[in-house]
Amino acid sequence: MSIAVIYGSTREKGNTEWLTEYVISGLPVEKIYLRDYNILPIKDERHTEAGFQPVLDDYQVVIEQVLKHEILIFATPIYWYSMSGTMKLFIDRWSQSLRDKHLPDFREGLSKKKAYVIAVGGDNPSIKALPLLQQFQYIFDFFGTAFEGYVIGKASKPGDIQKDNKAIANAILMQKVLAEQLKSLEKEKS
Amino acid sequence: MSIAVIYGSTREKGNTEWLTEYVISGLPVEKIYLRDYNILPIKDERHTEAGFQPVLDDYQVVIEQVLKHEILIFATPIYWYSMSGTMKLFIDRWSQSLRDKHLPDFREGLSKKKAYVIAVGGDNPSIKALPLLQQFQYIFDFFGTAFEGYVIGKASKPGDIQKDNKAIANAILMQKVLAEQLKSLEKEKS
Amino acid sequence: MSIAVIYGSTREKGNTEWLTEYVISGLPVEKIYLRDYNILPIKDERHTEAGFQPVLDDYQVVIEQVLKHEILIFATPIYWYSMSGTMKLFIDRWSQSLRDKHLPDFREGLSKKKAYVIAVGGDNPSIKALPLLQQFQYIFDFFGTAFEGYVIGKASKPGDIQKDNKAIANAILMQKVLAEQLKSLEKEKS
Amino acid sequence: MSIAVIYGSTREKGNTEWLTEYVISGLPVEKIYLRDYNILPIKDERHTEAGFQPVLDDYQVVIEQVLKHEILIFATPIYWYSMSGTMKLFIDRWSQSLRDKHLPDFREGLSKKKAYVIAVGGDNPSIKALPLLQQFQYIFDFFGTAFEGYVIGKASKPGDIQKDNKAIANAILMQKVLAEQLKSLEKEKS
């Protein structure tokens, strides 16, 4: 029973990561920093005769790592009112995995997971991040993944997030929910 | 007086391009296919002492080309209810241009432009693309760019778009509006 | 085979009605002007022992009239970025009909209908009406009603709508779709 | 320095009121229960020669009461993914107040106020209430009112809200913010 945190930040130890630390503190987590991997834009080859061709980058390693976990936390700074390009590249490639015979359970696997979103931005994110959350909901709906919760943080400069009491309080609440979910998942298995 | 079309598709002659052809037919347009360029994810160096560092890719060439035009059309397939990763990488880099001393008029320049969006997707885009449109609105609001119109198309397989009468009718209407805008921009200048 | 138009306007022959006339021209339509009826705000008695009590107003007559038709068009001016209060009063009462033993097929009946929305407003409706459309989608999703299409019009003063070429073109397209749907519904029945 | 709570519920002591009590506990508040007043749907007479005519109901009393306060809390159950019809009737009438010569400072008055929203619903409100929040943002933007915060609660049956730890935690946070705002408003005045 464990959690994968998928980080879309390009900056080390930024506000998004600081807030996420509150959420995952003490929990069994694998941290995946997308910035450490080379993930190329998807080539839409859905409709070519040969279908999608293998891509020489790190995507396959990352997605297989992600799929090992029961709970996924998408932690992204809000760039231009949306997820970071780094995270978008990763998610766009799911269209390829959907047709990948080496990942026959991709869709069904995602349908059984629980998802969380942590998003931090500077420009009125409590309202202007709502389209981003709706997009995540549509993505999770596509797979049947349960969208269990989100935290929106407000921060621009390094350290700003430490002043966002509301985000911190909600991060702590998410922490509790995650701890309980892990416990009950353990019980189901045993 | 001219128009830049910024294509976010990864596929040649796909549905998004087909629909966009209706819009730009007969108009003075420069087509920029982002897939032909190497654009790296932004490194958020806003808060480092040295600031943003030069990046060895094609972004600078593309943004300077875009800025030459008065009207911008963002033409993107809808990937996972959002703009393509290819287009997102391009827009994310605007954060760097905002602080680029070689582009001192970046923000003011964009404030004077008119913007259009053409978005094509397969999964109920007339509703599920609305968050994407709201995000474009927030982006344009940030700069003061006028968001003059959009067309949403419904298509999955190659050629599907040709059956979307509503999208085609709206593309033709957008064509007329663009032609009139170009005329009145000409007059203003002369 | 027929269509009910549910008008939420408080003004006679306003912009919303003008645009709707384009849509329904020549089609078998029953027009229901909510302003002509007395519909009281719902009293939330879901959780009282006795449940909902009969209400002395015109709601029951109106909802029964609506339910006779296969296709529903909700035509509302956009008041404060939402449907008119008049229309909201009517829809709020659906919570009562869901528990009304005299309407045992209320939910299932709505699940078989097709729905359209026509909304006209003055303040950038092509973007600012998007939340309203999402709410209609959530309502229709609740029942399983098919949300077949919408037209957004831009107008403030009387007559303004006649200058909105885009809305008129889309109204005409909706007209065609409705005509075809009626035909194929007739065939199914015969 | 004081707060007006504008209640849109039709039920006494329901979940919305319970949650709001957490927010306002110990603060100088005037509670306005819209259900206690008779407020008629707006008649759109903006464009008639004579303009809006006086209406024989309680709206005027209520709006004048609301305008006396510096901070407004809109507390509404979520009916059909939107504010209650009762609250919508009240807000629709603002279009009349905008043209009311007895309220010459209506618009400017609202521009100086701070606004909060408390919304409670049963069907995945953390996502499905987002359009409602965006509509409130558009309303507040229209006047220049500061949208200072919101709490979304999840509850259907009486008492359900008491199990929503997240909503309660956020209500308590909102309480603190309000207490601080009142203090600093006092200082400004003295």
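All chains are identified by letter, namely A, B, C and D, in their written order; residue positions are counted from 1 within each chain.
The definition used in the following text is that contacts are C-beta pairs under 8 Å (C-beta built on N, C-alpha and C of every residue); 3 or more make two chains touch, one makes a residue touch a chain.
Computed from a prediction, not measured in an experiment: that's the story for all the values here.
Distance between chain centres (mean CA atoms), subunit B to subunit D: 38 Å. Per-chain Cα centroids separate subunit A from subunit D by 35 Å. Separating the CA-averaged centres of subunit C and subunit D is a span of 26 Å.
Shared interface positions of subunit A, defined as residues touching 2 or more other chains, are 130, 134.
Arrangement of the chains shown, judged by which pairs touch: one closed cycle in which each chain has exactly two touching partners.
Chains touching one another form the pairs A-B, A-D, B-C, C-D. Taken in their complex, subunit A has these residues touching subunit B: 9-11, 14, 35, 41-45, 47, 77, 79-86, 88-89, 91-92, 94-95, 123, 128, 130-132, 134-135, 138-139, 142, 157-158. By the touch criterion given at the top, residues 126-127, 130, 133-134, 137, 147, 149-150, 165-166, 169-170, 173, 176 of subunit D touch subunit A in their complex.
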